[in-house]
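The following pair of complexes shares a single chain, chain A, combined with chain B in the former and chain C in the latter.
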Partner chain A sequence: MSAVESQSADAKAATSSARSRAIKSLDIGGLILTLITVIFAVLWAFPIYWGMVTSLKPESQVISDTVEFLPRTWSFEAYWHVMVNTMIGRWYVNSLVTSLGVTAITLVTSALTAYALSQLRFPGRTVLWFLILASFMVPLTALIVNHFILMAQLSLINTWMGVILPQLIHPVVIIVYKNFFDSVPKEYREAAKMDSASEWRIFSRIYLPMNWGVTTALSIVIFIGAWNNFLWPFLAVSRPEMMNVAVGITQVNDAFGVQYARELAGAMMAAMLVAVLYLIFQRRVTQAIMLSAGVKG
Partner chain B sequence: MSDIVLKDVSKSFGAVSVLDRVSMRIESGEFIVFLGPSGCGKSTLLRMIAGLEEVTEGEIHLGGRRVDQLPPNERGVAMVFQNYALYPHMTVRNNMSFGLQNVGTPKVEIIQRVNDAARMLEIEHLLDRKPAQLSGGQRQRVAIGRAIVRDPKAFLLDEPLSNLDAGLRVRTRLELAQLHHRIKATMIFVTHDQTEAMTLATRIVVMNNRQIEQIGTPMEVYSRPATRFVAGFVGSPAMNFVPIKSITDVGGNASISFAGQPPIHTAVPFGGLPKNNLTLGIRAEAARISQDGSGIEGVVDVVERLGERTLVYCRLPDQTTLVAEDNGVSAIQPGDAVRIALDGNVAMIFDEAGKAYHAVVQQGG
Partner chain C sequence: MIRNQRSEVVVAYLLILPFALTYGVLFLWPTVQMVYLSFTDAPLIGAGTWIGLENYVEMFDDRRFWTSVKNTAYFVALTVIPNTLIGLGIAMMVSRLKGWQQSVILAMFFLPYILPVSVVYRIWAWMFNLQFGIMQYPLTWIFGEKTPVFRTQWMFMPAVAFVTIWWTCGFNILLFLSGLRSISTDIYEAAALDNANRWTIFRRITWPLIWPVTALVLTIQLILQLKIFDQVYLFVQGGRPDPSMVLVQYIYSQAFQKNEGGYAAAISVALFVIVIVFSVLQFQFLRARGEK
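Up next is the complex of A and B:
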C-alpha cells in the first residue's frame, strides 16, 4: 500500500517537475509575445477608451491641463444632448434600412450569380466570371463620381435606394459563394436532379442550406461594412433626415464650434450596434474575414 | 414493363472514347451486375442509363420508350450513389420525401410511401435523424429508401457497398438480394467486386476496355468465360494460364502438353482450334496436388492455408506459376517437389487474341 503511495507520489513529483521545466523553457518567449500583444492591444484600444471616457465628461472638463483617465464628474449630458437635439433616431433607422437592404440584396444576387457560375453551363459564363474577377481590381472610390452622376440622373439622391444601389457591388461575396458551391460534391446535384428538383429547388433547398454557415458569416460582414460606410452615404445624401448614423454624427456641432464630448457621444452611439453585433457573432466575423481573404475556415 | 435496351451506345469525352458501341437487353425484374476493373466504363454506362451523362451515339430504351434524350427525372429510374449523397441538412424523412415533393405528390401519399419504405427497410426509428447521426449501413438503407419511395421502373446502384466494412458488406449484400426478391424490380448494380457480382446477379455483364466482354449468368461467366480477360477477372484465385507447347488430336479432342510434361487430355474439340500461341486455362480447383505421383511436375513457392483448402503456388519447369489446390490439412511446404493432376475436362484453351474454346456442352447440361 505504502509502496504504491510512494510510487504515485514519485510519479506526481516527476510530472510536476517536468511541467515546471516545460513552463520555464516556454517562459521567456511566451512572456515577450504576451507583452507585445498587450502593448498592441492597449495602443489599439486606447482611442476607443479615450473616446468613451471623454463622452462621459462634462464639456467643461474635456480640455484640461492634465491627462485624466477617468472623468472627475460623470456626466451623460453629451449623450442626452445627442439624443434630444439631433436626429439620431432617424439616422439609426436610415442606417438600419440601408444596411439591411444592402445585406439582403447583395446576398441574394451574389448567391444566385455564384450558383449560375458554379453549376450552370451557359454561353459567356467564363467571360462573365473574368469580368467579376476583374471588377475586384477596381476600387469603389474610383467609380464614385460615376455613381453620383448616375444616381442623380435617376433622381435617387437623398433616397434610401440611392444610398443602397452603389453599395451592392461585392465581387468578393460572389467569389466566396462560388468557391463553396464548387466544393459541394456533384452527387448532391445529381441526386437532386434524379429527384426531379428544378434549378431553383436545387439552389434554395440544397446548395443554400448546405452553406448556411458562409451565408451568416458573409451577411454579418456585409452589414457591418454597410453600417460603417461613410463616403458614399455622405455624398448621396444632403438632407439631414436622410443621413445615416455615420454621416449624421458629423452634424453634431453647433454655432459655438466643436463640442468634443457630444461629437464622441455621437460616435459611441453610432458604433454601439456594430460593437454589440461583433461581440455576439465574433467567431462568425473572424470566419468571414478569413473566407474573403481566401482562407477557408 | 421495365426492360432496358441499349443499342450501340457509345460515349466519348472529347477525343477520349470511354464506351464503344455497347448493346444489350435487360429483362424486366432482372438483377444485372456491371462488373469490371476501374476505368472500364461501367459507371459511365450506368450514369448514361440514369441520364446523368449524355449519350454520344446510340439509343437507350426503357419500358419500350426511347429515353436517351430525356432528363433524368423523366426516365423513371432511381439511383443509389456510391457515397449515398444524402442531403446532410435534411432529416431522413425529408431526404426520402424530397423527390416526391418536387413532383407535387399529395402530402398524405408522401407520408404513406415514406412510412412504407421505412418499414420495409427497418429504418422507422431513424426517420427524424440527420445523415450525420447515422452509421454507414443505416445511411445505405436510407439511400435505398429514397430510391424505393419513388417507385421507379429500375434501380441503378453505383458501387453502393464499397463504403461499408467487410462484415456489413456481406450482410447488406444479403439484404439487397432479399429486397430484390421482394420488390422484383429491375436492378442494375455496378461493382468491381466479383463476389458481389457472383452472389447478387441474375446475369453479370463483364466489361473491359470500353466494351462488353461477356453477358451471362454467374455460373456461365465462371465456368465458360468467353475471353481470357473474363476468365482471369472472375474467380479467386485467378485462373491459371499456362502456355501450350504442342497440341494433338486425340479422339476429336485436343490433347496438349507443356515443355517436358506428360500430355493432358482436354474435352475441347480439336477442330477449329488455331494451332499456334495457345494457352491452357485451368482453375485452381481443377489443379489438385496429386497423391499418386501422376500429373505434371512443379516446385512449391508459396503455401496459403485457407482452412477448408490450401492454395499451393507452384513453379513449373518452364518457370510458369500455377496455383493448385490441396486439402485443408496439407503437409506441403515451400520448396517441396510436387506433382499436379490437371482435370482436362474442365480446362479451356485461349487463342492469341484471348478468345476462349470450351468443351462442347452436353444436351441439357
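Up next is the complex of A and C:
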C-alpha cells in the first residue's frame, strides 16, 4: 500500500518537475521567439513604411546618400504635385465605379443563383452546379484575348462597362452563398410557405438578412480584388482618363518625371483606400479571405 | 400541387437568368471562341481563315514559346513551396501571440497582400533603386558593388519571386493561422508533459494535423503563380522583356503587340490546358495523401 503510494507520489513529482521544466524552457525560448517575431514583422512591414516616409520627403532629401528613417522636413509637395499634374482624381473615380460595379453585380447575380441552387428543384440544377464547380478550375487569364475581342465588338473598350464585365465571373461567390443558404434551418422556409410567401419574399426577407455577415465579407473581398486587379483594366483601357488608379500610376510615366517621391506619393494614394478599409475592418477582411478560399470561419 | 412545382421551376429560372447570361456571354462564349480562334490566322481584331493545326505546329517549334514555358515553370518553382513554408512559419510565430499583440503583428505581415501590384512594384523598385535604394546596402555587402537587380538577368526571376512572396504571403498566413487555431491545445499540453521538444512537437503533431491546409495552400499557390504576369511585366519595363518572358506575357505580346490573334489564342489554349491538368493532378495527389 505504502509502496504504491510512494510510487505514485514519485510519479507525481516527476510530472510536476517535468512540467515546471517545460514551462521554464518555454519562457526563455518563448521570449526569444517573440523577439524574433517582432523583429521579423518590423522588417516585413518596413518597405511600406519606407515608401510612405520617402513620399513625405522633399525630393532633395530623397536622393541623399545617407539613410534617414524620418524626413528632416515633412513635405506634401509630392502629393500636391501628383494631384495637380496627373489625373489621379479621375483614376480614383474610375476605380471606385468599376470596383463597386463588379461587387454589386457579382453579389446580386450570385446570391440569386445560389438561392435557386440551394432551395429550389428544377431541371438542369445538377448540371449547373457542376458547371460552376468546374469553372472554379478554369484560368480566366487565358481568356484575355477573347475578352478583348468581345469587348471590342461591343464597343466597350475604354469604358467602365468594358472594365467591369469580364471581371464578373466569380464562381466561388456562388459556392459560398450556397453553403450558407444550405445551412439555414428548413423550418423558416416551411413556415413562410405556410403563409404563402413568394420565393422572392423568402429570399429577401429570410435568407438574405440571415446572411448579411457573409454578404459584407464577400463584398469586401470582391471589392478589394477588383480595386487591385491589374491585367484586365490594363488591357481594356488605353486612354489615360479612363484608367483605374492601379494602372494609371504605372502607365503614365511622364506625369511624374524621374521623381521618386512623386512616384511613391502616387503609389501611396493608390493604396490608401483599401489599406484604410483593411485597417478598419481587419476582422471582416480576414474572415472574407478565408471564405473565398473555401474555409468556413 | 403540380401548378406549384411548375411555378417553382419558373421562379428558379428567373433567379438564375442574370447569372446564366453573364456566365454564357463572358465565360462559355469566349472559351469556345478561344478554341476556334486558335485554328485561324486571324489578327487581334478582324476575320481570319481556317488554318487547322498550323498555330499549334508553329508553337511547338517556337523557341520563344518554350522559353516562356520554362520561365513560368522557374517562377512557379521559386515561389510556390517557399511561399507556403514561409507562410506556415510566420503563422506559427504569430499564433503564439495573444490578443492585441497578435492583431498588430498579423497586420504587419498581412498589409502587403492588400496592396495593388503596381504599388508593390513602386515600393520595391525604390527599395532596389540602383542609386538610392536601401537594399543596395546589403547588396553591396554581398557583391562588393551596387547591383541593378532587375536589369541583371540571373537575378531577375529570383528578385520578382522574392517580391511576390512578400506581397502574397499574407494570404497563406491567414489560412495557416485558422488551421493552427483548430488544433486542440490538449494535444500540445500532453506533448509538453511528455517532455517533447519543439521540433518533435512540430514534426509529430503540427505538421500532420496542418497538412490539409498545407495542401490547400500549395494548390492555390500553384494555380495562381502559373498565371504570373503583372509583376514580371512591371519590373521588366524599360528593359528587354524576352529573356524573362512568361506565358501570359507571351500571350499579351503576341496578341496586343504583334497583332497575332490566332496564334495568341493557341498559346492561351496551352495555358488553359496546363492549368486544368495541374489543378486535376494536384487535387488527386493531395486527396490521396490526405487520406493516408
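In this section, the second predicted complex is superposed on the first by the 259 of 297 C-alpha atoms of A that agree within 3 Å, B and C clash if a C-alpha of one lies under 4 Å from a C-alpha of the other, contacts with A are read in each partner's own complex, and residues count from 1 in each chain.
Throughout what follows, a contact is a pair of C-beta atoms (placed from the backbone, for glycine too) under 8 Å apart; a residue touches a chain by one contact, two chains touch by 3 or more.
Remember, predicted model here, so these are calculated numbers, not experimental data.
Between chain B and chain C, C touches the greater number of residues of chain A. Of the two partner chains, chain B is the only one touched by A:Ile206; chain C is not. Residue contacts after overlaying the shared chain place A:Pro233 against neither chain B nor chain C. Of the two partner chains placed by the overlay, only chain B lies in contact with A:Ala191; chain C stays clear of it. Contacts of A:Leu128 after superposition on the shared chain: chain C is touched, whereas chain B is not. Touching of chain A by both chain B and chain C, each in its own complex, is seen for residues 198.
The part of chain A that touches chain B in the complex is made up of residues 185, 187-188, 190-198, 201, 205-206, 209-210, 212.
Residues 50-52, 71-73, 77-79, 81-83, 85, 87-89, 98-99, 102-103, 146, 150 of chain B touch chain A in their complex.
Across the interface of their complex, chain C is touched by residues 15, 18-19, 21-22, 26, 29-30, 33-34, 36-38, 40-42, 44-45, 47-48, 50-51, 54, 62-65, 67, 105, 108-110, 112-113, 115-116, 120-123, 125, 128, 131, 135, 137-150, 152, 165-166, 168-169, 174, 198-200, 203, 224, 227-228, 230-231, 235, 245-247, 249-250, 260, 263-264, 266-268, 270-271, 274-275, 278-279, 282, 285-286, 289-290, 293-295, 297 of chain A.
Those residues of chain C that touch chain A in the complex are listed here as 5, 8-9, 11-13, 15-16, 18-20, 22-23, 25-27, 29-31, 33-34, 37, 44-45, 90, 93-94, 96-97, 103, 105, 107-112, 114-119, 121-124, 126-127, 129, 131-132, 134, 137, 166, 171, 174-175, 178, 192-193, 195, 198, 216, 220, 223, 226-227, 229-230, 234, 237, 248, 251-252, 255-256, 261, 264-265, 268-269, 271-272, 275-276, 279-280.
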